[in-house]
Amino acid sequence: MLLVIIRFLKGPTLPDRVTAFDLFTTLVIASIAIFSLTWENVNFLDVAVVLSLIAFLGALSFAYYIFKRKD
Amino acid sequence: MRTVILQTSIRLLMPLFIIFSLFLLFRGHNAAGGGFIGGLLASIGLFTRSMILGVNNTIAKYKIQPIGIIASGLLVSAISVISPIFLGKPLMTGIWFDFTIPLIGKIGTPLFFDIGVYILVIGVVSNITFTLSKN
Amino acid sequence: MNMNVAIVLTLTIPLLTAIAMLALWGKSKLQVFIGGLSTLFHLAATLWLFRDVKAQGIQLLSIGNWPNGFGIMLVADTMASLYLVLSAFMALMAYWYAISYIKSKTSLSIFLPVFFFLIFGLSGTFLAGDLFNLYVWFEVMLVSSFVLFTIGANRQQFEGSLKYVAINVLSSTFFLVGIALLYGLTGHLNMAYIAKDLPLVSNQQLPNIAATFFFISFGIKAAIFPLFFWLPATYHTAPIGLTALVVALLTKVGIYALTRFFTLIYPLQGTILQTVMLVLAALTMVIGVLGAAAQVDFRKILSFHIVSQIGYMVMGLAIYTPLAIAGSLFFVVHNVLVKTNLFFIAGSVNTISGSYKLKELGGLIQQTPWLALLFVISAFSLTGIPPLTGFWGKYLLARGGFEEGNSLVIGVTAISLMVSLLTLFSMTKIWNEVFWKPNPAGEQPKLDLLNLLKNQPGMMLSILAITILVLAISFAPETLINWCNESTSIISGRQNYINSVIGVNN
Amino acid sequence: MVIILTISLLLTFISIPVHRLSPNRTGNWLSLFPLGIFALALSKLDHVIRQGSIIEKYSWISSLNLNLTFRLDGLSVFFVLLISGVGFFIFNYANGYLWEDKNKRLFYLYLSLFMTAMLGLVMSGNLIVLFIFWELTSLSSYLLIGYYHNNEESRKSALMAMLVTVSGGLFMLAGFILIGIEVGSYELNDIITNINVLSESKVKPLIAILILVGASTKSAQFPFHFWLPNAMAAPAPVSAFLHSTTMVKAGVFLIARLIPLFADTGVWSLTLIHIGTITMVYGALSAFLHNDMKKVLAYTTISALGIMTMLLGIGTTTSVQAAMVFLLAHALYKSTLFMVTGNIDHEAGTRDLSALSGLGKFMPFTFYSSVLASLSMAGVIPFFGFIAKEILYGATFSAPFASGLIGFLTFSTGVIFTSIAFEFGYKIFTGEKSTMPKKPHEAPASMLIGPIFLATLGLVGGIFSEQLAQPILHHSSSQILNIEKVLKLGIWHGFTLIFALSLLTLLLGYILYKSRKNILTISSKFKLTELFGPEKIYTKSITALLEIAKKQTLFFQSGNLKNYFLVIVATLLVLVWTQMLYLGEFPSLQSFEELTRLKWYEIIFILIMAIGLVNTIAAQSRITSIVSLGLIGYGTAATFLYFGGPDVAMTQFLVETLTIVLFVLTLNHLPKFIPLSRTSKPKLLLLPLLFGATLTILLLWIHTLQTPSPVKDFYAQSSYLLAKGRNVVNVILVDFRGLDTMGEIVVLAIASLGIFSLLKYTSKNT
Amino acid sequence: MEIVLAILTGLLFAAGLYLMLHRGIVKLIIGIMMLSYATNLFIFLIARITRGVPAIINQAKEVLTPPFADPIPQALILTAIVIGFGIQAFVIVLIRKVYKVTGTSDMEKLNSTETID
């Protein structure tokens, strides 16, 4: 996780950061899953599912932006 | 953004978004979820679709008129708020029907209220995102 | 079961109308008709509520039929219902004005639903018996006003609204922090319960600090010095027809919230905040009126005057004697009527002459003597020339202040009297420049009352109606003064409010 | 009395309809109203003289204990007669004077409004009612002075008059309110009956001063006099009515009214005598030094008002009687002279004393009235002015203190008055005809009735003073002081010292008149009239006020949002810290010990949030800062999650994502960061840090208190049983606190409408 | 934990305000957003936090038994988040418009409404 952060901080280009962010989201999803296991509560798992569904959009919109910027 | 992979995947994902959002909506009273979360999820799905397949395409497919959706969402909520009045009870008094529906649970005005929220959120978010992307 | 049908109607009429406006998107004739009916019904509902409150005391509505204190409660006491009637009346006036003012169909289609959402928010604000609920109503009202300020916007409107929004976001932040602090201290969100439990809190500083957050937050809304900056940046930018209701009531909602908070939840008597409020009230009056003196634009002068007049209302609250608070309430009613009317007249002048700039206007006393007369009544009422309404407000406050006897209070009261002189100064400036001075563009064709009514029917009707009401209050202030006194006796006897809310279950 | 007011009010309302029916004779028709009032008052006179005052009381605002009380007693009946009597002539006069004026319908409206206010003022038996009419006279005077509103001077003069009189009125109001607080009533009768309550009050001298300020501004006493000469911008009938006969005497009236209350207050009579004497001398001297006929008359009026104030201040029986006699004499000759001036101005086109001569041939009737009025002013036997001067000299020379000085000053004033009377009654009408802007001719009849009648009355009244004036004046003055001693008026009192002084006045007056031209030449070298005076202070303070107003507005309302934030937050922090330090009761550090321990994954998230935070601030590009913002948002959501808020976390995740996407979508339309935003960083950081620290402290502080929440427990108990939901948060949202959610979705709907309108409807007209 | 979170909240408040004080119009909105995180955290923390136990009644039970996270602040935050979202979305579009109309992103240049003329 820290490695992701370092990538994020260093950049150097925008796609780097975006990818880092995306990876970060994945890590968050994973950590939530673990968390939900430790507390034995299913409710937390739903959060992970939701997050996994929308994480896609974040990356997509950044891609969209980069796309547009290059035009 | 019209890559084939994305286009295919969103077509596949769309039903998933909708179903999961409805699931969250109806389950909300008893576990994490609810109208707002469900509505947001559904509208994010719609939004993703419109980013990939185009706004007009999405509007055409789902016959979306944001202002109308907002109005109907508000109306559903408002009716569930007001209806107890006709039974001589204060606004928003929960009225529950006796029967339960599998998967959803008990039916009552709070549920309708939540459905109203769900509809409204879809309307609001699609209104915002569509006007933004059209502009 | 606690239910008052009038409260229900007060809230549901504007909500359903707003929904109807959305559903009938584009069918403007039908919308305007329904809207007109609904503003009338809404006024009727508030009057009904007011009558109920007068006859039976505090009216409650426990939303969701939950035991008191656990659900959200709507509470209507005399003050709240008086504000409600006032706001419903102003809504009716603003509606007439707007539908004859707004020419563009697209503006109208946005305006109508938002206008009714605004009424919804206003009604909720006055009825709220729960702090967080109050926050929600505030936001409904604010967001509506954001939208109204930006309809069909020009550069100035955008700039003004951006500042307006930004400062109000800050205000909402303080509000939420205050709510959180009070929840942390008492475990309640219901105002009456907080009021009951707050004195029992072991720590004495934290309630004071929480009150400070509320003071700043409401103070921003009420436009007290030094928190008023958003007002002169915004109020003069948007077309008057669109924002009349906001201009009329928004700051007074701040005053309402201040009065409610500092009489019910956190009695002001003997606190540091009382002194602070007194001093700030004096500064607000002076700075506001000086701002008005400096301006050379019809609407800008009026905007700064709002700030100045807010000072009087805050002063009345801060003096904290029954008479002074009654005076403050009277002043609110007076000011809402008169100041809105002045804004309306400014809009009407603009429709006739096409400008708000004093140097581009002139000669209106010859052109439209009737409008001049209407202006004179409102303007001199604002400056407190007897026996117009402003005088009674000024009198009640001055008497309340001098009676109190504390030297700071007397000083502030004396300042308030002097400020009314400066108010006169800037009102006569408008009169001089707009009405007396020869029109720089040469003589204009005459417009008598009938012409005016034909050219701007809704606008003139509302101006006339408000003027008649102002005159009626001027010559027979007894009733209103009694109502104000009654409201404040309920405020001072806050126990009554607390008991009514809590008592049903105990 | 209410009937009198009703008639007058009716006059106000019908003035415009009457004008519509008969545009050229409006004034004549309307003058019937004051005539009627005069007759009515006359019919009541007998009753007042025989049986004392008539009081009518109507309850008005009972919660404020405020009644509409009117009283017709010796004093007020005198004023009512004066107002309505002169009013009758003024309406007729105005008809001629404004013959060619197109806008005169408003003039009659204003004039009738004024008359109503003035009648109400003198008849009020309640201080607040009196104040209401008082302010109305200021207001109507404003409208009348500014009647020629196309002229900038008129507008300025009107404003000046109003500001001065209204500011005085405010002092007076404060004084009245204090009386009300001390005595518990505003009724004149109650106050007089409870005079000892007021006498024992500590604030009585203050009240006296406050009221005197009000009276002085209205009655143009030094140093508030300057508005009156400027008020001469008004049409002549206004000057003749308001600014010589009636309104300016309201202050004198008020002082007379309140003498019973304050006669025993030292500061009252001292102030009055000082102000009065100064005003008298100052007014006379200024009058002498001016050449504009209206200005000269204005200054003599100021001087005369000074005399009345001084006389009332002296407060002896004779002096109060003298005040009333002089008031009447002055009213008669001064209104005549104003109308004469109006005639000359109207028909000859100028009112410069030095430029006028030989008018007598062309304006015989005007000449006649001017001569008579001037003779009265100079105090020539057997005019009423003579009687007034006799009794005036008598009163001043017998004043209880400084009688020599006061008497001498009064005498000198009399000399100046006489010299001015020569100008008005002799100089301008005789000799060779000078060149004038207009070809002079006699004024129309309606402009002559007034001057001729009033001037003649000055003569007749002098001869038959015992029959005509004595009863009224006796009762008005006895009303003031409860005087038993009967006022005796008559021409002949024998060869007394006073009579000698009267003759001397005439003689010296003539000499002064002869040398006036020379004195004026000398004085114009020194520009005596333009010396530093109260008027300069007024204009300077108005300019300064505007300057300050502008500066402070630009300072506070700088237009820079940053400053607004700074000021607001600074205010908050100052107040919060004052509150915090005021009691100085801080929690001990031990109370923090039982706080929850950290877990490793939480540390990581907090670290990430901190990094995101720093990165957001430091970011050079927009996209980086937005991504970092997302980091914080997700971190917050994770925090919610870890501490038992899956709903909140989910919502936060969703909203966060959506906001960022929205942001990114609009990013192309948004500006790049501007480097200049980083100029004053460290300084700017201070306040936010303090703000953050304050909130941190508050948060921790609250944690040291243990507060049970019954609401929370209730929700825990009844969420499933009563509201049939297991997710308490959701149940709160849709049921317990569903109204919040209703409001919240309304907010969303409005916001989306707003965005819709911003994007759709404004793109064209940018 | 509370101390750390409280400090973090304070820092968020500080950072939000600091960003709002900048001249750049985009920083204003970022500041507003950060302020709203801070407020939400503040409300969340005001009730004592409880780790890992959401306020959801177990299928087997009928009432919620301690320990559980205080649901009231959560409900308040939910409302506040949504309202905040509405306002933020509006502001984002607004600043886009402001920039488009005025052509400047410097807050200090946006003072045409407060001139005296």
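A, B, C, D and E label the chains in the order they appear, each numbered from 1.
By our rule, contacts are C-beta pairs under 8 Å (C-beta built on N, C-alpha and C of every residue); 3 or more make two chains touch, one makes a residue touch a chain.
Computed from a prediction, not measured in an experiment: that's the story for all the values here.
Colleague: From subunit D, what is the lowest number of touch steps before subunit E is reached?
Modeller: Each step joins two touching chains, and the minimum needed here is 1.
Colleague: Mean of the CA atoms for each chain, then the mean for all of them together: which chain is nearest?
Modeller: Chain C is the most central one.
Colleague: Would you kindly say which chain has the C-alpha centre located farthest from the C-alpha centre of subunit A?
Modeller: Greatest centre separation from subunit A goes to chain D.
Colleague: Which one of the chains is farthest from subunit E, going by Cα centres?
Modeller: Relative to subunit E, the chain with the farthest C-alpha centre is D.
Colleague: Any chance you could check whether C-E or A-D wins on number of contacting C-beta pairs?
Modeller: Ranking C-E and A-D by C-beta contacts puts C-E first.
Colleague: Rounded to a whole Å, what is the gap between the Cα centroids of subunit B and subunit C?
Modeller: Measuring from centre to centre gives 37 Å for this pair.
Colleague: What's the distance between the Cα centroids of subunit B and subunit E, rounded to whole Å?
Modeller: 24
Colleague: So the centre of each chain is just the mean of its C-alpha atoms; given that, what is the distance between subunit B and subunit D in Å?
Modeller: 62
Colleague: Any idea how many Å lie between the Cα centroids of subunit C and subunit D?
Modeller: Between these chains, centre-to-centre, one finds 26 Å.
Colleague: Using the touch rule from the top of the page, what residues of subunit C touch 2 or more other chains?
Modeller: In subunit C, the residues touching two or more other chains are 15, 18, 22, 63-64, 132, 136, 139, 143, 146-147, 150, 153-155, 162-163, 166, 170, 177, 181, 183-184, 189, 232-233, 294-295.
Colleague: Touching at least two other chains at once: which residues of subunit A meet that condition?
Modeller: 35, 43-44, 46-47, 50, 54, 57, 61, 64 - these are the residues of subunit A that touch more than one other chain.
Colleague: Residues of subunit E touching 2+ other chains?
Modeller: Residues 20, 25, 28, 38, 42, 46-47, 52-54, 56, 72, 76, 78-79, 82-83, 86-87, 89-90, 93-95, 97, 101, 110-114, 116 of subunit E touch two or more partner chains.
Colleague: Which chains touch which?
Modeller: Here the touching pairs of chains are A-B, A-D, A-E, B-C, B-D, B-E, C-D, C-E, D-E.
Colleague: Where on subunit D does subunit B make contact in their complex?
Modeller: Answer in residue numbers: 646-647, 650-651, 654-655, 657-658, 661-662, 665-666, 723-727, 730-731, 733-735, 738-739, 741-742, 745-746, 748-749, 751-753, 755-756, 759-760, 763.
Colleague: Quick check: in the complex, which residue numbers of subunit B touch subunit C?
Modeller: Contacts found on subunit B: 67-68, 70-72, 74-75, 78, 82, 84-85, 88-94.
Colleague: Using the touch definition up top, name the residues of subunit C that touch subunit E in the complex.
Modeller: So the residues of subunit C touching subunit E come out as 132, 136, 139, 143, 146-147, 150, 153-156, 158-163, 165-166, 169-170, 173, 176-177, 179-181, 183-184, 189, 232-234, 236-237, 294-297, 300, 357.
Colleague: Using the touch rule from the top, collect the residues of subunit A that touch subunit E in their complex.
Modeller: Interface residues on subunit A, with respect to subunit E: 35, 38-39, 41, 43-44.
Colleague: Quick one: which bits of subunit D touch subunit E in the complex? Just the residue numbers, please.
Modeller: On the subunit D side, the touching residues are 550, 553-554, 557-562, 565-566, 569, 592, 595-599, 602, 606, 609-610, 613, 616-617, 622, 625-626, 629, 632-633, 636, 639-640, 642-648, 651-652, 655, 658-659, 662-663, 666, 669-674, 676-677, 684-685, 687-689, 691-696, 699-700, 702-703, 709, 711-712, 715-721, 726-729, 732-733, 737, 740-741, 743-745, 747-748, 750-752, 754-755, 758-759, 762, 766.
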